[in-house]
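Two complexes, one shared chain (chain A), two partners (chain B, chain C).
The block that comes next holds the complex of A and B.
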């Protein structure tokens, strides 16, 4: 299957959604599940093929636009399509317990959110990337306002304004790049980025940093994220945390290494990442709303990832990618379980963790929390230890001390939540998980444990991804259309 | 109260910072040396003969950067769906406005309707020959529906036809892209014959006019839906206020 189908198939499914709706809700829900399944199975098939793969549009690159899949994008492709499968099944439960919602339009935005995110990781043309930012942007603005209550509309309009301003910075950077180099192909830009006048190149980097920093929720520009998590439904929170934020992070570091910025700006990104980690974890301590709490926790984890991914050493980057995968799975698990809890207890206060009685959910939450904290035998532990090992190999002991110290803060609120769940006092409400959710949460929890016990299953792919990220020679060859 | 006291200081600091940033930005931009003669835009202009369209902009929009246009059409579709999601409530029954229609206005707008639609169709069909194209023509067609709404606010558009136009044209665009893959081994490839000798004729340029017709139908129906939602929303408010 050509890579272009990753974008074209969801587009055709979205266009036909009104007719799926006419055929009944079974077809509508089934079509979304079918679509995410096709994409996921295809992504698994790519793991056995020789990488990079290319799919061209209209004319050959570097003139035309192409989708290129290398090791780095393969890892993200697997994460995104897997999240899509899980969330599309979860929505079966959601629409069963909330029957009056506008289903068809949700599936339009859901399918296109996934398609746009996949487009962002595949496209090798910087202006084409911008189109995908717009698609992902519009989908996330609308999905965050999907509740249509006061909080939902607030988050939607806030996201719309912030997202559009960030897009202006990105499009301005693209314009400057085109004025300087005369092309928008990533391969050609990567080859000739050092020829740009240093003053202008600083400006371009600054613009890109502000644009992507805002979208990828980096410290000075991430004040909006918790509000948006607070206003939107839990499955959308899961998507924002494990797909959208990760897609922007992907593009950030893809451009970072392609344009050869790692030597100049490594320390800068690392310090910003460290500040993000520190500030978010401390802010998370005194949150009273669970969604805000987990939003700040997501921001903190993104901070670690920014620290580790900017290091330009393959061990640390591979560890960071492992941590990223593990974080995506854990946050999806937590947000989906949280959705069930919020539906039954009708509250988003932090005290709901003390008010429910369900051994299954307690175990699921505990696995999620402990994995994010980095406690063996869960996958978060392996991710964190690999990052720390990478820092140790490059003799960056201050980073190790910093991560370990701030993780204590993280431990405080996660253990507080766990203690609340285990507390036997007070009136407890029984929570029914439902059959579909039972299986979904089991699958996610099993993945966390499996990757924790047998990390080599995943390390193979993260090593491949780290090498493709740091030495993009193969990618450049395909992006430039050499030998096609 | 404390918030009010801090606000002016914040504003002053922010305005100083932003003006400093703007000035330094302008200073930098003055020094930008552009050498656009080797840009990809010029290469596209030289390659324009390959596509056999008289309008070079069209060949860039629909062919050289075709997947961007698929994306743009999708963005428009998503925007329409977003408007519909936000402005529609479950089981809304549009209250009719009690206002006597003006007979002359009604008849006049109906007379103009066909002219406007014809003009829009002309712009769409001649997209590869003259300035204009699917996006512009589609919007012109949507203005015809806006005119109808202005003359008669109680009018309802036929949604099944609009949905049909939207879905079929969108799917047809994707299908054209996929057929290209099988015929010329390139997604969105120009698989129809496009001899250079035909340049300037109505039937020339291979798939390019086909794509523009599809885009025109898509844009026209999407914009008509948006116009309808906005007009009806406005009436809802008027009735609530009355």
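The block that comes next holds the complex of A and C.
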């Protein structure tokens, strides 16, 4: 399937959703599953093709607009579409136990969110990138306000305001780039970025940093994030954590490496990532709301990823991408299992971990926690050791010490939850997981274990992605339309 | 259930025996990581030690109705330890180490009297140990470009001195935490005392030995005792490094011994005793001499045997009576005589008295200290050895002698056979290691060769050689047995006039009638008098808990402080973003 159709498919499904609704809820739910399944299978099919792939619309780039798929975007495509499959199956259970919810409203924005995220990682001109950025943003605002209660609406409006501020910065940056170079094609911008007056280029980089950094939940700009997580439903939390945040992170580093920024910027991003990690993990210790707790944990993991991705060494970047994949799977697992727990216990207090009785969920949570903490034989371990190894090879020992020390803080709250689950005292309520969730959680847990035991399955793709990210020569060739 | 897992525990022993010393497997995880298992003499020694311990504990678990999960986790733990001791590279070692951490965590969480705080203590210290280990591993990788033991060992000499020192400190910290060196022992006592009773024996006898294995691996294999001597220089007849380590070990053993004496809970006493005994091992492990290594290895073996024996014994008593404090026990000698004899053998070994194996190992360690002329260390070890008599005495006295302090104790029955069989085997082992200390020389010598140290001379199975004189275990044992039999015959001639089965409240003194709460056990409160000795009191009233509690409090406070930033006011967030942008812009344009 050509990349253009690949992107258009979820858009079409999204617009058709109201008609599907008329055909009955079975069609509605089935269509979403079918869509995500097609997208996932097609993204697997892309792995067998020669990369990069390009799809141009009528005019050849750099003048026309095009989609380019290289190793870096392929990895994210796999993660996003896989998460979409899992979430669309999970929604079957969700709408079964919450029959009065407006299903169409969810699916319209869900499909559109997937479309926007795909567009964001495929687009090779910065203005289209901005459009997809806005699409993802608008879908996120509405999805976070899916619960029409006080918290939900609060999170929706907060997200809207913050998202608009971020887009203002990005629009200004794009405007400045266009004024200076006269193009919006990423290839041309990358080629001629160094020609810009350094003072202007600092401004551009800073504006992009603030814009994407706000959305990717970097430290001084992430005060809004936990509120959003708190107000929205668990499956949307899973999407935010494993798709939306990762899509912004993708763009952040894609532009970062395309523009060939100097090592000063890299050090800066690394420090900001480290601060994000430190602050989030310490703040998470003090939380009484589970959703907020895992939101902070997500922020912390994003901090590690920012630290590791800004190193410009293919080893560390590959490790970071492995960690990113493993974190996406683990967080999806945790948020989906959390949704089941919250549904049965009707509370989002942290004490619900001590109030349920289900051996299956206990094991699932334990696997998720151990994987995020980077404990073997789960997939998080491989990612973390690859990152640490990369830092060691560049003799950056302070980063190693920092990551390990803060990880102990992280372990405090993860193991507090584990101990609460394992505690035998108190009255416990039996939680029935449900057949679909049982399968879904088993698949996710199995993936965590498989990637932990046989990491070479995934490392192949992360290496490919890391090389494509750090050496974007192939990407540039296609983005410039050379040899088409 | 028990028999299936018993069988599953025997299998790895047979497997290891089958390979007979040249197991060499490797498995490629990714292109950078190759997991490999290589059998070394040192690893084989520890592998048999842990596997046999697991087997014996599983035997004693027969009378407990344990779930399949429990056994499976225990099997996983045993498997993880096997991975640790057979690992040929650090990634394998670390994977084994972490699986050991979490599988034991889940077993401990199954205990009935565990609380969240103790579980947190255990896992956080274990993780801190693991993280310090992984830090050392990746740092050594950055110089050696490999995780392989052999490669890292070869390139260790070419590393800068500060890196060498950092590596040694990080590795040591990690393994010290597992072995429970004083200061890092905060988790040990709570965990040992609150874990499932039989599992405490594994924790103390086997898991702490993984720390000792790690120390041997680092000092003997990776760094090498010769290299340590070059790095740090020598003092007296030993190395500076060994001297420092010896002080750490001796301090651990003295402090823990005094703490042990004052404990009222049986398993807490054993936990402190475990810390103290490992202190001896750590004291001699760094000497880098034949006798030092031999003493450490011998004591590792003996301590494993003794702690298994004592913890199983105590677990049986706790299971039988439901009481776990000295102030609630007492007078069980008539009710459970076999258990009493087993415990007696155990504490004779623990106190390091001849003719049992405990003496042979202590003899070896004292020998090592004499050999290196570390006189102060020797005095410290002797001092703590003498003090350990007190807690040994408390152990046997508090449980088996004196008056029963609780009501139900008069009608206790002997503990089940499944508890006694492992104890009898272990007691026999203790007797055998005492009688034939020479047999162990053959086990140690390949390990000494592995560390490129001089081998011990072998003068027959009953004799242990040393620089200051020989110890003929067989002769002493025979003399002791003959003497013992003689006394036994003499005593059996005297008819006892004491009547048994007197109600403990059938007494009155000075016109006072004891109430039910009055403890009639005149060993009650044993150890409190130690507070009167100024030097001991100074040790006893200090605790690392103060430090760690303060650390936890500070973490909590900083967490509260930081979480104030996230109170969700969107205006402030906007202002912060704008300010952040302007600050960055100002810095960016001006630089």
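Simple rule for what comes next: the second predicted complex is superposed on the first by the 482 of 484 C-alpha atoms of A that agree within 3 Å, B and C clash if a C-alpha of one lies under 4 Å from a C-alpha of the other, contacts with A are read in each partner's own complex, and residues count from 1 in each chain.
Here is the rule we use: a contact is a pair of C-beta atoms (placed from the backbone, for glycine too) under 8 Å apart; a residue touches a chain by one contact, two chains touch by 3 or more.
Because the structure is predicted, anything quoted here is derived from the model rather than measured.
Touch criterion met: A:393 reaches chain C, while chain B stays clear of it. Of the two partner chains placed around the shared chain by superposition, neither chain B nor chain C is touched by A:44.
Of the two partner chains placed by superposition, A:34 touches none, neither chain B nor chain C. By the touch criterion defined above, A:375 reaches chain C but does not reach chain B.
By the document's definition of touching, neither partner reaches A:1: not chain B, not chain C. Of the two partner chains, chain B is the only one that A:127 touches; chain C does not reach it.
Of the two partner chains placed around the shared chain by superposition, chain B is the only one that A:16 touches, whereas chain C remains out of contact. Of the two partner chains placed by the overlay, neither chain B nor chain C lies in contact with A:439. Contact with both chain B and chain C is seen for A:199 once the two complexes are overlaid on the shared chain. Touching of chain A by both chain B and chain C, each in its own complex, is seen for residues 199, 203.
Residues of chain B that touch chain A in their complex: 25, 28, 31-36, 38-41, 43-44, 47, 63-68, 70-72, 74-75, 77-79, 81-82, 84-86, 88, 90, 163, 166-167, 170-171, 174-175, 177-178, 181, 186-190. Chain A contributes residues 2, 4, 7-8, 11-12, 14-16, 18-19, 55-59, 62-65, 100, 102, 105, 108-109, 112, 119, 127-128, 131-132, 134-135, 138-139, 141-142, 145-146, 148, 156, 176, 178-180, 182-185, 197, 199-200, 203 to its touches with chain B in the complex. Residues of chain A touching chain C in their complex: 158, 161-162, 165, 169, 199, 202-203, 205-207, 209-210, 214, 220-221, 223-224, 226-227, 279, 282-283, 285-287, 366, 370, 373, 375-377, 381-382, 385-386, 388-389, 391-393, 395, 397, 400-401, 404-405, 407-409, 411-412, 415-416, 419-420, 422-424, 454-456, 459. In the complex of the two chains, the chain C residues touching chain A come out as 28-33, 91, 94-95, 98-99, 101-102, 105-106, 109-110, 112, 116, 119-120, 123-124, 127-128, 130-132, 134-135, 138-139, 141-142, 555-556, 558-560, 562-563, 565-566, 568, 570, 572-574, 576-577, 580-581, 584-585, 588-589.
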